[in-house]
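Read the structure below first, then the notes.
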Amino acid sequence: MSHNSFGHLFRVTTWGESHGIAIGCVVDGTPPGTRFSEAGIQAYLDKRRPGQSRYTTQRQEPDQVRVLSGVMPGEAEGELVATGTPIALEIQNTDQRSKDYSDIARRYRPGHADITYDMKYGVRDYRGGGRSSARETATRVAAGAVARQIVPGLTVRAALVQIGTIAIDRSRWDWDEVDRNPFFCPDAETAERWAEHLDAVRKSGSSVGAIVEVVAEGVPGGLGAPIYAKLDGDIAANLMSINAVKGVEIGDGFAAATLSGEENADEIRIGPDGAPQFLTNHAGGILGGISTGQPVVARFAVKPTSSILTPTRSVDADGNEVDVMTKGRHDPCVGIRAVPIGEAMVACAVADHYLRHRGQTGRG
Amino acid sequence: MSHNSFGHLFRVTTWGESHGIAIGCVVDGTPPGTRFSEAGIQAYLDKRRPGQSRYTTQRQEPDQVRVLSGVMPGEAEGELVATGTPIALEIQNTDQRSKDYSDIARRYRPGHADITYDMKYGVRDYRGGGRSSARETATRVAAGAVARQIVPGLTVRAALVQIGTIAIDRSRWDWDEVDRNPFFCPDAETAERWAEHLDAVRKSGSSVGAIVEVVAEGVPGGLGAPIYAKLDGDIAANLMSINAVKGVEIGDGFAAATLSGEENADEIRIGPDGAPQFLTNHAGGILGGISTGQPVVARFAVKPTSSILTPTRSVDADGNEVDVMTKGRHDPCVGIRAVPIGEAMVACAVADHYLRHRGQTGRG
Amino acid sequence: MSHNSFGHLFRVTTWGESHGIAIGCVVDGTPPGTRFSEAGIQAYLDKRRPGQSRYTTQRQEPDQVRVLSGVMPGEAEGELVATGTPIALEIQNTDQRSKDYSDIARRYRPGHADITYDMKYGVRDYRGGGRSSARETATRVAAGAVARQIVPGLTVRAALVQIGTIAIDRSRWDWDEVDRNPFFCPDAETAERWAEHLDAVRKSGSSVGAIVEVVAEGVPGGLGAPIYAKLDGDIAANLMSINAVKGVEIGDGFAAATLSGEENADEIRIGPDGAPQFLTNHAGGILGGISTGQPVVARFAVKPTSSILTPTRSVDADGNEVDVMTKGRHDPCVGIRAVPIGEAMVACAVADHYLRHRGQTGRG
Amino acid sequence: MSHNSFGHLFRVTTWGESHGIAIGCVVDGTPPGTRFSEAGIQAYLDKRRPGQSRYTTQRQEPDQVRVLSGVMPGEAEGELVATGTPIALEIQNTDQRSKDYSDIARRYRPGHADITYDMKYGVRDYRGGGRSSARETATRVAAGAVARQIVPGLTVRAALVQIGTIAIDRSRWDWDEVDRNPFFCPDAETAERWAEHLDAVRKSGSSVGAIVEVVAEGVPGGLGAPIYAKLDGDIAANLMSINAVKGVEIGDGFAAATLSGEENADEIRIGPDGAPQFLTNHAGGILGGISTGQPVVARFAVKPTSSILTPTRSVDADGNEVDVMTKGRHDPCVGIRAVPIGEAMVACAVADHYLRHRGQTGRG
């Protein structure tokens, strides 16, 4: 048991706060011989990095990852070969502005975990969100980059599919578009509408929620287990661990509640290659907790950033009623930066189940 | 690691298939001195038991639980006192009709895990759903009944809030109503509409999905952890482990994605007792993974029963295309029976975090 | 985390007390397709069963195991095929004499866990040793019988090598002899000396300690891990979990402390088959936590049975000084019955590491 | 599951190799409010540090620990207060001589894990022992320093009690003496004999084994569990995880095998304070897996250093027979430096069980 780890055979333990010396994680269980590079990890970190558009926090962090252990140099330039021992990944904290946090040291910001930290721990690192800072998620993105190298043929991608009440038009879904706009939006037209909307939100000092969709292709059939080690159960737990996430669904998700058995059935035929082939994917690639070989599809809902300019009513640790208004560098829509994090968490879940399946059955 | 356990300090391991000799679970970590009774467990099992109305499967199972270990007799009649050693709970399988399963032994029923079991295991207990049978959930309900005794003042209740596209009117919510209709519906008027709708569904041999809401009151503030041992993360994983569940949300859940930061903020004031008091509960009783002391609110979506009378296209294990039509005793809406199971899974998560919190902090 | 489980990918959870309705275990992680039978398990249980000679307790327990879940019938008579789901094994308690335990309900027997149970739990099942009863070990022997089927070519055998101060002569070691005497002694001459000695011990109402040696042949090289998941670490923990065990050693064990580096070195040459071949096995088949392919050799020390006829000074739960004398059916040397238990615990550790190795590396 | 973690509620994950950038560990589960300091940790690290006498390796490592996360500054100079989030401890590797390792890159040194690493991983960091380097143990000593602060009144001390065949005279045991000689020897006369003996061993390029005894005082009664979470089981596993350890015993250990029940009984009387008081401590402070409140006593055997000057016969990765002779900086008796490591591992086990006990029972 750990309060700061996830996964079993592929197990990640993260540490660090927003304003400490560094953050990092220990990746345990990477199969020996797995090849990756610092540059490869860095590419994913750069996607998540804040300050890249006016729609995310202006905090500037180079987020330069270092691999401290668990590897030998490979033949190619910069290539690393996992030795099977724990891989420590570390990112220095460089942009810790020595600002004055005394105004929030004892005030409970609504929507933040300030009050619950005090309930639980009685002591709290109030600087920049402490352990709850979105900064911690950089370590998962790094771990996810290693996870992606473990399952042959695996591709995990994510996109933002809704901001506030504005959803994308799925008929226009284009994965290439995702890298062309600052929202990871697969639909160029909707991206334009979001830009307008978020400009207004940002100017008013408000914030807005969002929905992210993750699609994992190349997940072999047979990963998972029927009940308490379901692939979808672990994906749900992994996604729910991302800050501000309030809901998770697989395949048709909540919409499945409105369907009839006929509508929801993913019928099967024999495909051109002689293998079974599903005609639809309402199930999101998972039946009875086990992958079908189809794309695994998961979505998660991110609540609006709690830090807003409008004063909200609250209390402080001394029992006084106060008004709280959050100044400083914040994202109007934290859902945007959650996109690469969602990818990473699904990649880690798939890698873990891939190794577990291989252990239990000798296949894969 | 286990594929068939959940929880950490309060840990449940379940076993058994639909058509074996028995099903059961081992409940590990119940604090010594916890008092309960077989009759108390039985009351919860009776709520879940099938065959109580025409809206659930007609399979008749007395589901009589026996406590095989981990207890000493208490002073009161039937009272048991936990000794701190593992509590084994067992339920005999009595209604195993010796029917002929040869027609489905090699056919993959769409929406069922038949095909993924074969992908994973290569061998499968096809009788009555095997390990995926809803029957397994009886053991969780039994474990949940023990869990409820661990946290002083805890009340966990659930209700069905939507069947197909027909949602309840929340202004009419009445917990007492839940026990008066066969749907665990808190709104009498909607229950009548559901009765009509489900009669039609049942007659046509179809099925329909549903949404269940679980509310845990009396959860002390401070349970959970910021990231990978979030109370909401464990509730999500626990609920996702229930058969046919495709989505989970906490508090406002997916609706939070559509809100602004102002709308989503749960403001705080000092209450009449001098303690902080939240004015709303969009967060569903959990902030940053840690309970706030407010009611914990979770919802989950159940897909329509995959067993339907309409033939669906599929294949068999020999690579032939076949049509599958499921005869036999099935629920038109498995969401109904998921209500007491959802309660149990939330109760187990809360009990586990209560003990973990006590261990880590010495409080509670 | 569990207080009553061991192993990871091959994970066993046991439950039950000496005087409850039954005892049992849940074996999780058996690879699908593994073949075994109730009769095969029973053969190992019969070895452990008490009452087979005058040197073990006269308590009569048929110890008939039943497989309640996790299997389908195989082709051969009585053959079972694991489906990959949890295998529940259960043994009824039949010889629960309704004797009067009131004399020990509040007295702390020296050498027993009575006093520490009360320190920990505050409530205690005093009947027949409760959870600490040697009876629980039957479930491990059953689990071990399944574990043996998982690693191809694995043979795990054990023998008693010392009773009190009388050690065997290792030059006379004969595995066939182990089944011919009531002590699992590999040296016929020593067995005779033990018979005389134990007769005297038994008549005087005393007891004596013993040392057991377990040898696992056919353990493939490469199982284990360098530090915290060492094969020897897990074997040590598994053996230490057996009642009354006070010490564990691998290979030369404590004697290695007296050797020089030259004496302790297991030199290596190329064998006739072209593969590396160790010339000696001081290491006991494990180097740096990982198996070498040589026989894995472990020994454990069992303290003398604490239940003796001589009165010993103690106290009761009410703070009175009392004299305690244990009447009833007890083993003069519990080390004897520990032999098949030691085998089982090593078999479980090897099976677990076999699956973990396969998961992590894809080999094996 | 992790291959590089130990403990449950107090959980330590270590990472790093001898010749990487750094080594470190993540300490998860330290109760919030626990106070410690870098200087306090450093004091324990300095005890373990090599190069302090001619009897340990001359490798010079300042072993300066840094606390990277999980703390807030306390009131006193240098004092740190745990926030309950993961504490990352890191030690830079500074003395990585750029020596030529090509001679051992493919040779299997007898007694080392070179050959088993290749069996398991197929790839290996051969520089300085890689993951198996004694260097990793510095991180445990650091973690142990934190663990000591968790259990009020706990004192964990260790001493070397045997080198080769020369054991101490226990009647001369003096804890103060332990810090006065380079062997952590509690008996000044024996320390002198060891000095002479080790000088000879060192000059001949040989090595010798040793036995370490750890004594934990102030362990409250009631920690542990009856079977698979025994306090002694976890101590055994923790000690067995130390490099080169081949045996572990609790209390009288292997000697208990030679005792009668009467000799082994720890009788109990009512002490002057009205509480039960044990008259002896054959059990080593643990009965039935649970602490008695007496000192917990554990011993472990360390094999002779495998690196010796005398050439030994071996093979290389290419299947050639070779002679291996280890040059370089090595300890003639690794048992010496194992003393502070043994202390740390016992402290970690006690802290973990202290928190687990508190979680399960609400006491402590």
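Which chain is which? They are A, B, C and D, in the order written, and residues in each are numbered from 1.
Everything below uses one rule, namely that a residue touches a chain if its C-beta (ideal position, glycine included) is under 8 Å from a C-beta of that chain, and two chains touch if they have at least 3 such contacts.
Keep in mind the model is a prediction, meaning the values are calculated, not measured.
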- Query: Given a C-alpha superposition of chain C onto chain D, how large is the rotation in degrees, taken in steps of 5?
  - Reply: 180
- Item | Result of counting contacting C-beta pairs for A-C and A-B, higher pair | A-B
- Query: Greatest Cα-centroid separation from chain D: which chain?
  - Reply: B
- Query: What whole-number Å value describes the gap between the mean CA coordinates of chain A and chain B?
  - Reply: 27
- Message: I'd like the Å distance between the centres of chain A and chain C, where a centre is the mean of that chain's Cα atoms.
- Response: 45
- Residues within chain D bordering two or more other chains: 1-5, 8-9, 14, 29, 32, 84-85, 120-122, 131, 226, 356, 360-361
- So, in the complex, the side of chain A touching chain B is made of residues 1-6, 8-9, 14, 108, 110-113, 115-117, 119-122, 131-132, 136, 162, 164-165, 201, 206-211, 221-230, 232-234, 236-237, 240-241, 243, 246-254, 256-270, 274, 276, 279, 282-284, 286-293, 301-308, 310, 312-315, 319-321, 335, 356-357, 360-361
- Which residues of chain C touch chain B in their complex? 1-5, 8-9, 11, 13-17, 20-24, 26, 28-29, 32-33, 66, 68-70, 72, 81-88, 120-125, 130-131
- Note on the structure: The chain B residues in contact with chain D across the complex are 1, 8-9, 29, 31-32, 84-85, 226, 355-356, 358-362
